[in-house]
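Please find the structures below.
Same chain, two partners: chain A is paired with chain B first, then with chain C.
Up next is the complex of A and B:
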């Protein structure tokens, strides 16, 4: 049996058909993204040892975006529990994507920006909207601008219209949609790729109304997202199905590869995932089959060759203002431990 | 008597709970919100800003002056953003003769400068000078020379495309970012400029470069000219042992080396990622402009960039920049330096010239397309041209005003949508001050006081940013209405129920009617 999400089927599951709307064909020149930097916000919202697989999920994506070139300074990683150092982990400092220990997604260096109880709805919305307390270090801020492409990955336990954070609170799809709209209004992104692996995941993006968002989810409303397999050595399910196949796909993507987003949407067919992968592309202006995957998962930045250096003939000399260089402190020496000079004088 | 006491008790419950308690509860749970100038914020939509710029046409005779002035006026009529205030006059006889007799254009500029104040921001002079090899001549000062009235179309074109750069100024307020806006840094209070000298192989090559003085002299002199716009902080650092695999291919050629290493353009962005890991420019709160000098090790030198069509780039320096990030120069040592003393002395003049060229674009100075008939004197020093600074002021003022307006509108819309956002006195003050600054900056722009308008628009921008990003805006956001009911109903319903029911009895009692019907049997 697969470990399914905790049942949050309190609400009626809407059996409405999921419609995809395809935009008009856009001229070729608009297919190229004009983003100037890439950011990733990766969030695991659930605690406790039996949710080991969610940490494995989020670290799988972390590993991939880092390998594809997004620097740690532009990845915001939120993990609510520390599975690698959990006393129940028989192999400390490792998290595997597979019972056969194929890939250690924990890797050598993981920079977690928000951990434990810092992973809260409030902090998540503060992070997205930029309304962080003034003493927040730069590494914990999402310093995006109108040229930023952002990958948002969420995993945890969800239901129809909400995602649970930390067993104590939820973010609703409306709150998330409002936060994204505030980001758009404040020009904090160029494009967003929203990726979510929870039960009834597609309910989280249905309320979105801001432009330039491409969203995909591991399951439709009314479906559970299932875990892939159990590792009997650690006694828990080790990774979720959808992310397992996503990682498998991303492992074969290289920084200069030309894989497209529509290939990404097909990574987990229903036969493999059991749940249906949902895609929402009506807010997105470009055709996903022409968008390289590295627009979101990598950091391919625009490079402009400089061919017009200024031939400086007048060598400038700036008037030195008052020296504000740090003074090198004079080196001091220890006195000899035994006062030899006193001894010598008495001899 | 018992009846009386019971009613008194009941009345006191009603008094405490409904007459005192309800208003008190209402008052204390009210969302605090300072009154905001919503109508002003909403009216920003229709408020289009115009910048008035001074232009003086000086010609030898009256007909030429008015002909040129009229043509310029007509050309700028349909501009939505820049309004020219054109003065025309005839050159005084003495100036006229000196201008025609001096040999060099630069001397002519000095002559004009002795009669007119060229150091004033937002002014520009179009002056006739007969002995000119080209139709129009332009250098770094706020003067343009023209030969005769036949040059009028070139003058108009130069004013539109180079001096005032209408398309760029309009692009600063447009909805989507134009090319210049995609490259330049977004507005801010100031910038850090960090020069990182990257030295991958310190064991094999010694690099002799005084990075601190180089950035101070060259970049420092450049940013001093822009001190009216921003505060700059200059820093320099050395990064040793930063290994980056360019995946270059060796190609034999006729040069001194006998070969060169070709690196493809699409590999260069990975160097930026590699650099970012080490430069640690995130330590400061202000945005950082990165300048990186990569000292190519001898075993990989000379490194040559190949473009996407697999052609060698034609440039004296191997350099590239990344929008909103910074620039990189690949410094190749010469064969002699690699062979003999193993000391590499990079040519500071060339490297800094490249960095300045990159910095200009990153800060928003765009180089215009050349115009036929116009001679634009190439830059020979680090200093930007005077009219480029004026135009940068116009671009940035427009950009900051537009950004501040959008931020405030977005905030106003948000406050309308979500009712339990607190606006405390500080946020209210920021918003009010931003609104005031926007209006003042708009007035100053119309009056043509460019520097003051810039400073005011910067204040407006920073105030609007502070108001939008204020952490207290989210204070009550996670106490939605349904959760309020979850608390109030179990707390108040059991108490309020009997109190409300006793109201009926109280009313009856006041009217003197019997409360309990006496049992008839």
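Up next is the complex of A and C:
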């Protein structure tokens, strides 16, 4: 860690001295994200067969981020109902996101981390803030650090200021904002891209107050987010409009592409979405038009090839401590079951 | 009373106003109620139907039904089978049905049931239902849908259901290999129309014959074995209830599925129908959830099948507002009329009380016995293919259900296939009728002279004053405490009477007066005894048909005749005896106040009954309120010594009262109804036909009440009859005017 920081410092000073000659604009190096890893939290909050499209939404995003390089170990996928095995599904064990049924998004390697009734507000907030029970497996933990860029994608049924989980509870926008603030204070992220596809979706990010969050939503307050089309062979609405156009965009993105976040915000104009896509960028320090989309959707590490020799300072050798060779075995005993010492002191 | 009311009660402004305006106000309310009801048919006053349940996803899925050929084959084979073997028999071709269903790889069972006819000679009927269960392939059998068709023999006077049965079998054949069923589908063919359905449902839900009738076993927490008050034990040989409790023995089912979510009843006699009539009215006016009704109508549209609901036909959409209104009104009115008797108009109606939503799809031709539909001749005929598509899409939509139907309305009226009137919109018309009665009750209440009240009291006080003045010369003590109440006064007077001779005459007069006031003060016990007695009479009449029919059976009379004439005899007897009843239970004559109080109680009871019934079965409550409100408004306590005009009016009132006697009302309406159906008949034939119809109607309502748990007869005898009797008492008993005392 120390080494890498030092390296970075050197690089930055070099870059800084370059930019001085160009005047007073923000140095290009600062425009770049300095994240070291990427995570994704993808949540479908609604169950029941008629909400098939939400599962298709979240699995489509899952498929895209995986294709762009985020490994399964860094994707937390929460799906509250098992559509593939729903007895009503005429195509058992598959989930499609298009009436052409070309891509089975519930393909061979889908790792669902939270399923069914595990998808709850409590688990979601615990996951974000890292306050999980100690016996939680690694696959159900968000093991991020201060260098992590996190993509949070939520879909389900929402209202003004809340998002419904399952059919029984909801998370409010304030709770979500507080959870993100807690993450910030715990140094659990570098930047967050918050993406939500529900009705009145923009109400969910209005309460955010933590830095470095870029948020976009499928609809403004007072608007419904609509579904895109029906797969009449399965007999359900198969995908939501916003996610459909997001996917259409993401399908043309590959790890090396230079697409930026501001292009991403324009994927679904009102004529296509019917709802207005909302964006919140005031918490985000960088200019979205210069942020590559792979900062959030992929796992592209910044690699700088340097030909200059690097002057590595000599690392002082550790002094050997004089160890006590003779080990005295500590005598251990049980404490008295009743705290007698308390009683004795009072007597 | 005095304590609870304001002492300046009589002079409060609203009381004075109420006393003045209550008659026109009540009339206005009555008219307002009727106007409101008529307005409900108008588009401005009802709403477009819509789906409340998200889970249905109606019509999203493509239809794959391909069983047209097999449906035709089943249809022909079935008819052939009937002609070959069952032409002269009413029995159901059970072996054929079992064989066909087994060939389709359904789980097939038969179900036997027995009816011990409760009246007359206690005949025994038996029947068999056949049902096959299609198990949902990828889930446990927790929920089920039912597709049913009644079996009708060739000799039946009703339209057959062969095409319905054939369609059902073809659909089963199509549905069996599909893998998307999340609920079991039960294909059920019932015998003996509603009886078979009732038996099957009771057996399916474990209501065995020892569990008493439905309304005693499900409606209360009564379980077999609980000690109950049994009159039979006290008086051996006399059974008040008869044996009708066990009249339908539903038997036991050999195979079950899960809880039934919805049911579709098919009544197609031929595939070449012009349109489908969607029938919804169930037992006691219960309706299926509006979502199911909407679903059926919408999917009929989508499958290209014409459909109708009463006077509203899907292929006729008028642009004229007035026509729309009239159509809406008549559709709604027809529905109201059909719901009054509480008899289901198809097998679907029996499902409702088990919490299962169900409708009947009845196929109709251009010239149907149920009535001609306008421009139906020009419609394209349906085919097995279209009907199958409609059935498939309905069932696939129901298959998507996650919970029972609960989102949409259970209480509504339909003004068209796509317009409805919710309970919030129609209840005001019933409430207005009840308010009219309550306004009358309130006005009676405020005009009752309060107990120990000014009128009579003032007089006594004046007397005492006078007396005291006279006495004043002789004794000083008497005049001072004149404002005390009666007993005290009496004591004073008694004290004085020893030494005062001139006041003797007045004193005795006063004593008499005091005695009279004491007796005439309201006795709640006396009124209550009469009230209770009258209601007990009603209860006895409710239980009388069994006894009447047993008596009739001894003289070889058909039970409907013995019951009908028995009820007439009882009614006539009651008409003569009940005005005397209040005198039997008390020593003194009934007073004006008492009778007014009875009248108030009666008005409150009647309006409560109307509202309570109207909550469950609006048409019934509304009609009762509509018939009885005028009676309630014109009936008032009759005072002795009236002018000629008012005695003529009194006779008129009594005649009106007699006309709305439940039995008379039923008979009259049947006569009017037969006159509408057969207008050319001479008068006496019409009367006879009406009498026969009334006989039948009463018999049906009694049997329905015993077998299916229909309320109508029980309500008419145990609730309406006592109310009517008290009206009759009020208009027949003459009392002293309160002013005369």
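FYI, the second predicted complex is superposed on the first by the 274 of 347 C-alpha atoms of A that agree within 3 Å, B and C clash if a C-alpha of one lies under 4 Å from a C-alpha of the other, contacts with A are read in each partner's own complex, and residues count from 1 in each chain.
Rule of thumb we're sticking to: contacts are C-beta pairs under 8 Å (C-beta built on N, C-alpha and C of every residue); 3 or more make two chains touch, one makes a residue touch a chain.
Quick caveat: nothing in here was measured; it's all calculated off a predicted structure.
Visitor: Between chain B and chain C, whom does A:50 touch in the aligned arrangement: first, second, both, or neither?
Guide: In the superposed model, A:50 contacts chain C only, not chain B.
Visitor: Could you look at A:249 and tell me whether it touches chain B, chain C, both or neither (first, second, both, neither)?
Guide: In the superposed model, A:249 contacts neither chain B nor chain C.
Visitor: Quick one: name whichever of chain B and chain C touches more residues of chain A.
Guide: On the superposition, B touches more of the residues of chain A.
Visitor: Determine, under the contact definition given at the top, whether A:265 touches first (chain B), second (chain C), both, or neither.
Guide: Neither chain B nor chain C is touched by A:265.
Visitor: Mind working out whether A:235 is in touch with chain B, chain C, both or neither, as first, second, both or neither?
Guide: Touch status of A:235: second partner only.
Visitor: According to the stated criteria, A:87 is in contact with first (chain B), second (chain C), both, or neither; which is it?
Guide: second
Visitor: So which positions on chain A get touched by both chain B and chain C?
Guide: On chain A, the chain B and chain C contacts do not overlap at all.
Visitor: In the complex of these two chains, what residues of chain A are touching chain B?
Guide: Those in contact with chain B are residues 34, 36-37, 69-73, 121-122, 125-126, 129-134, 138-139, 145-147, 169, 178, 182, 185-187, 255-256, 299-318, 320.
Visitor: Given the complex with chain A, which residues does chain B contribute to the contact?
Guide: 177, 182-183, 186, 216-218, 220-222, 224, 265-270, 272-273, 276-277, 282-285, 305, 307, 313-317, 319-325, 327, 349-350, 352-354, 356-358, 367, 378-383, 403, 406-407, 410, 413-414, 417-418, 468-471, 473-474, 477-478
Visitor: Name, in rising order, each residue of chain C that touches chain A in their complex.
Guide: Counting only chain C, the residues touching chain A are 54-55, 57, 60-62, 136-139, 178-182, 396, 399-400, 402.
Visitor: Which stretch or stretches of chain A touch chain C in the complex?
Guide: Those residues of chain A that touch chain C are 48-50, 85-90, 92, 230, 232-237.
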